[in-house]
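Note that the chains are named A, B, C and D in the order they appear, and that numbering of residues resets to 1 at the start of each chain.
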C-alpha cells in the first residue's frame, strides 16, 4: 500500500469536517468539525514528515495541536458566554451582521 | 509681490462662508447680513478686477502662480482673460441678489413641522459655491480647475437636497423624497461627468507632463507638444462630456429640470445662472484651447446636439405644467444657443455665446426669482393654480413679464443682442443650422407668453385673490436686474469690449477666421 | 521496528490497519457531522481522533500519537463534553436546515473541494517516501526536542505565550465580574416582600410521588403544569417534561383493562377529552 | 437739426418710462402726460419736416449717430437714425394720428382704472414705431419691429382679465414672431452677403449680389412683412387683435403698425428691384390678401372685425403696390397715409358707436344711429366715402393709382393683378356700404332687445359695470373724442387730393423710392372708369341686400362662402388643427419621451444597479454559515485555479 492513501484519508476527513461546519448550527458541533479539519491536516503533516524523512512536519502538527488547544479554550469560552446572553448555542442566532 | 487680487475674490466668500456658518444658531439674522455683506464685498472686488483688467493687454492678467504639488507639476495658477472677467463679474453680481431673494427661504418652518432648516448653513453654502465658481473661472491650471469644478457639487448637493419650497402640493414627505431624488440625480450626473474628466485630466498629464493651461496651449501652438489624433480626440471627449453634463447639453440634461424644480428659486438661479456657466465657460477655455483640432473634428456633432437642445428644450418648455420646470427647459434651450455659439467658431458666435452667458444669467435670475416670489405666495409651482395675478399684484406681474420678455430675447433687452450674435455667427458658417435655430425664437415666445398668459392674465382665481404685491426687499432684488437687462440690451459695449480680445485669441487658437461676406465692397 | 514502518511501500499489516481503521475514522467523522446530539458527535469525534493517533504512530510520529490521545482525546474532547453539559441540548441540534439552499451549497462545495483535493493529490508526484527511520534514529522525542528547542524555539515560545493568553482569555470571557455586593438572604426576602410577589418559596417540582424529577413541572389544581416550579435553566433549554396527561392516560388504561375484564362495551367519557387536549 | 431726431423717439419713450414706473400717484394726470409727450414728438416732427422742405430734394437725408451698439469683429451695429422723406412721412403719420388718438383715448378710456398704464403703453408704441421708421440699419429696425410687437401685445391684452384678450395678445405676438424669424434670417443673409446690414451699403450694393441671395433676402423680408402687416398666410392674428380697446385698433392695427411691412418692403426696394421673383411673390401675397381680407370683411357682423378685414384688404393693396417695384412704391406709401387717416377715422367712429351703445359690437344690433350720433355719422361717413374710393376723396386718388399701377405691371401678371385690384374695389364698396347701412341706417334694432345673448362678444369690460341688460341709449361722444374724429375726417377727405394734385407726393418721395411710369395697357381714364363701375356695383348690391330689406337680428346661416368667411376662411381652423393640435401632441409626446426615454435610460441604468445591489444584498444575510459557504467556495475556486494553472 502506498502511504499516499493517508493523504486521501486526510483530504476526505477535511472535507467532511468542512461540510459539517457549513451544515451544523450547534456552535459546539461546528467547533468539533473544525477540530476534525485540524486533525485531518495534522495527519497530512505527519505523512509529509514521513515522505520527506524529517521531523519538521511533526513539529508543525505539534504546533497545530497547541494552537488548536488554545483555540478550543477561547472558542468554548465564547460559546459559553454567548449562551449565557442569548440562551442559545446556535450560530444562526448570532446573525446581526446583515444589513 | 503685488496684492493677490484674484485669490482675494475667492478667499473672501470662502472665509465668509466659514464665518457665516459659525454664527450662533439663535442669531440667524446676523448670519444673513454677514453673508450679504460678504457677497457685496466680493462684488466690489470683482469690480476692481474688472477695472484693473486691460482689454488690450496680455491674454491672462492679474496672474498668480505658486508651486503646489510639485511632484505632479500641479501649480496654483490663477489668471483671467476677458471671458473669465465677464463671468466673474456676473457671479459676483448675482450672488447678493440670490442671497437677498432667499432671505426667508431657510427660516425655520412654522411650529409643527419636523424639518430643521439651518439658516446659517444655507447662506454659508451659497457663499461656498460662489468661492468655488469664482476660482474655477480664474484657474489656469487644469488640475486646480478640476478640483473646484468637482468640489462645488458638494455644497450644491446640500443646497438642492436640504432646502426646498416652503409649501408643497403633495405634502412634506413627498417633497422630501423628490428633493433627495433631485439632489442625488444632480450629484450622480455631474460626478459621472467629473470622473470621466478626471481620467482625461490624468491622460493630459501623461501626454503633456504638466497641468498648466498656458504652457500646454503654448506648446500646442508651437508644435512642441504633439498629440496623436486619437489621443487628442479622446481627451477632448473626456473634457467635453463633463462640461456638457454641467452645461447641460441634450441628452445629458435631465438632471436640470429636477434640480431646479425641487430647489428654492434662489438656488435654482444659482444652478442655472452661475454653476452651469462653468460648463460652457470651460468649453471655451479648455476644450478649444487644449484640443483645437479635436474641437473642430467634433464640431458638427456638437452643433447638431446644441440644435436639438434649442428646439427640444423649447418644445418641452411649452409642454410643462410646473413653472420652475418650464424655466429649466427654457434654460436648456438657451444653453443650446450658448454651445452653438461657442462651436460655430466665429467671433460673432463666441462673443455672442459669452455675452449670452452673462445675459442668460441675469435674465434667468430675473424670471426665476420673480417666479420664486410668486410661488412662495401661493405655495404651488403648478401653472394651473394661478390666474389673474396681474389684477392683484401688478408690479409682480410686470416684473415677471419683463423677465419673460428677456427670456424670449426681445430686442432692446440684453439677451437679444447675444442671441442674435450667436445666430449670425452660426449662420455665417452653417446657414442651415442657423435657420433651424431661429425657430427657437418662435418657440421661446410661445412658452414664455403661454406661461404669462396662464398665470398672470384671465379671471382672478380665488386662491390668488389675496396675493400681496412685491415687497420692498423683493423689489430691491428685481429692479436692478431689470435695469441691467435694459442697459445691456441698449449698450452691451462694455461687456463686448472686454470679451472681444479674448474671443479673438480663442479663434486664433483654433486657427479659424470669420467667413468673408459675398460682396465685400459693401463694407 | 521503525525501519519497517518507515519503508516506502507499507507492509500488508499496515495496509490492513489502514483500511480497517480508516473506515472507522471516516464513519466517526460522518457521525460527528450527522449525529443529532452534541454528545454523540463528541464521542464520535473522540473515536476518530483515537484512530488518528494510531495512524500517527504508524507513520512514525510516536510523540504526536501519544499527545493526540492524551491531550486531544483526553483533555480537549473532555472540555467539549463539559461545555455540552453546561450548554445542554438546544433547538440548534435540529438537523432541519433553515437557510435556503445552504445545505446544497455546502454539499456542492464540500464535494467539489474534496474532488479538487483528491485530484491535486493524485496529480502530485508522491512516489518517493523517505520514511522517518533516519530522523527517528535517536528516538522520536529526542529528535522533536532537538528541533523545537533550536530551529523552532521562537515559535515554541510564542506558542507558550499564546496558551497563556488563551487561558486568560477564556477566564475573562467566562468570568462575570460582580459590580456590587451580593444580596444576603435577608435582603432578598425583604425585597420580595416589598415587591409583593412570591412571598412563600417557589413551589416544588414534581407531581405526587410518581414524578418528582426536577424537569417535571408541578401541576396546578386545574391540572395544568406550572412553569414556576422548575429551574430557570431547564425552562430556557426547553427541557421540561409534561406529565399532566399521564395520570389520565393511566386511568384510561386502567378503565379499559377493567372493562375488558368485565366485558363491557367501552364508554368514552366525554369529560376526559378536555384533559387530552390539555396534554397536547 | 439732426439732433432733434433722437428727441422724436425720446419724448414718447420718456412718457412710457414715467407712466409705467411712476405708479399710482400719476393716475390723475397720466393721460395728459402721455398726450403731451406724443404731441411734443409731433411738434418735433413738424419742425424737422419744415427743415427738410427747406432743403434740396437730394439733400433731404439727415443722419444722427448716437453710439456704437454691438461691436463684434465684422459685426458692427450702430444706433444711428436716418430721417429722409420716407421716414419723415411715417413720422408725421405716426405722431400726428398717434396724438389724435391719444386725445381720443382720454375720453374713451375715462372710466378705466388703468388709464395711466394704457397711455404708457401707447407712448411705448409710439417710441418703438418711430424707432422702426427712423433706424438706419436693419438690426435697429428689428428692435423697433419687435418693440411695436410688444406694445401691440400689451395693448391687445390690455383687458387681461378677459381670457379672450389675453389669448389674442399672445396669438398676435407669436404669429408676429414667425414673421420676425424672417426678418432675422434676412439680416443674417445680409450680413453674410454684404458684411453689414446698414441701409446705405446694403441698398447701394444690392445689385452686386447674386440674384439668388437677393431673392432669399426678399422672401425673408416678405415673411416679416406678412407677420407684421397681417398678410396671408400670417394674417390670422389681426381679427383677434380687435379684442384690444378701440383706440388701439385704430392706431396700431389700422393706421400705423400694420403698415410697417409695407414700409419694410418699400425701404428695401433696391433689394426687391434686383429680385423679380421675390417681387412677384410680394404682388401675389398682396393680391391674395386684398381679396381675402375683403371677403372676410363682408361676412363679419362684429363692426371691428369687419373693419379689421378691411384693413387687411387695404394693406393688401399697399403690398401689391410695393411688389410692383418703382411703379408702385410711391402709391403704396400714399395709400398707406390716406388709409391711415380714413381707417383710423373709421375705427374711432366705430369706437364712438360702441361707446354710445353699451359696448355692443354686433352690427345686427345697431341700426338708425345717424339721428343719435350726428358727428360720428358724418365723420364715419366721410371715412366710408374715402375708403370706397368716392371720387375726390383720399381713397379715390391713392387706390386708383394702385389699380393703374397694377395694370401697368404689364403682361398677364398685370391683367391678373389689375383685375384682382378692381374686384377688391368692388368688394370694398360692398362691405363698407354694408357696415354703413347696418350701423347708421335702417330700423333701430337695438330697441326691444333688452337682453343680449350670452354668446355675444363683449369687447369692453366696462359693459358689466354699466349694466348690460339695460336698453342702450345711443348718444354722441364727448368733445375730446369727436375732435380727433373730425380731424381725421378732414384728412380722409383732403389728403388724397392734396398729395395727388401736382404729384406732390410723388416728387417728395421719388428721391428715395425712385419712380417709373410703367406702360399700362389701359389708359388712366379707363381704369378710373372701371373702378367707378366696380364701386357702383358694390354699393348697389349692398344697398339691395341691406338697405332695402330689414337686417335680421340673428345672422342667417348663409352660403358656404359666407360661413367660411365668418371663420376667417377657415384659416384659423387650419392653424388650430395643424399647428396648435399638432404642436400640443408634439410637446406632449416629447415630454413623455424626455421622461421615459432620455431620463429612462439613465434611471434604468440606476435602477439596474439598484436591483443588482438588492440581489447582492440578500447574500449578506448575517448568517456566519452562509459566509462560510462563500469562503469555502472561494477556497475551492482558488484551489481549482491553482490546479488549472499548473495543468496549463
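Some points to look at:
The rule we apply is simple: contacts are C-beta pairs under 8 Å (C-beta built on N, C-alpha and C of every residue); 3 or more make two chains touch, one makes a residue touch a chain.
No experiment lies behind these values; they were computed from the predicted model shown.
Annotation of chain A and chain B: jointly contacted by D, touch as defined at the top. The interface with the greater number of C-beta contacts, when A-D is set against B-D, is B-D. Centre-to-centre separation of chain A and chain D, using mean CA positions: 96 Å. One simple way to say how far apart two chains are is to compare their mean CA positions; for chain B and chain D this gives 37 Å. In terms of their C-alpha centroids, the spacing between chain C and chain D amounts to 102 Å. Each chain gets a centre from the mean of its Cα atoms; for chain A and chain C, those two points are 15 Å apart. Counting only residues that touch two or more partner chains, chain A has 18, 22-23, 25, 91-92. Shown for chain C are the residues that touch two or more other chains, namely 99, 102, 105-106, 109-110, 113, 117. Pairs of chains meeting the touch criterion are A-C, A-D, B-D, C-D. On the side of chain B, the complex with chain D involves touching residues 188-189, 250-251, 253-254, 312, 315-316, 318-320, 346-348, 351-352, 388, 390-391, 398, 405, 408, 410-412, 416-417, 420-421, 423-424, 427-428, 431, 434-435, 438-439, 441-442, 445-446, 449-450, 452-453, 456-460, 490-493, 496-497, 500, 503-504, 514-523. Within the complex, the chain D residues that touch chain A are 617, 620-625, 627-629, 632. Within the complex, the chain C residues that touch chain D are 99, 102, 105-106, 109-110, 112-113, 116-117, 119-120, 123. Interface of chain C with chain A (complex): residues 6, 9-10, 12, 14-15, 18, 22, 25-26, 29-30, 32-33, 38, 41-42, 45, 48-49, 52, 55-56, 59-61, 63-64, 67-68, 71-72, 75-76, 79-80, 83-84, 86-87, 90-95, 97-99, 102-103, 105-107, 109-111, 113-114, 117-118, 121, 126, 128-136, 140, 143-144, 147-148, 152, 155-156, 159, 162-163, 165-167, 169-171, 173-174, 236-237.
Residue ranges of chain A in contact with chain C, taken from their complex: 1-9, 11-20, 22-29, 31-33, 35-36, 39, 42-43, 46-47, 49-56, 58-59, 61-63, 65-74, 76-81, 83, 87-93.
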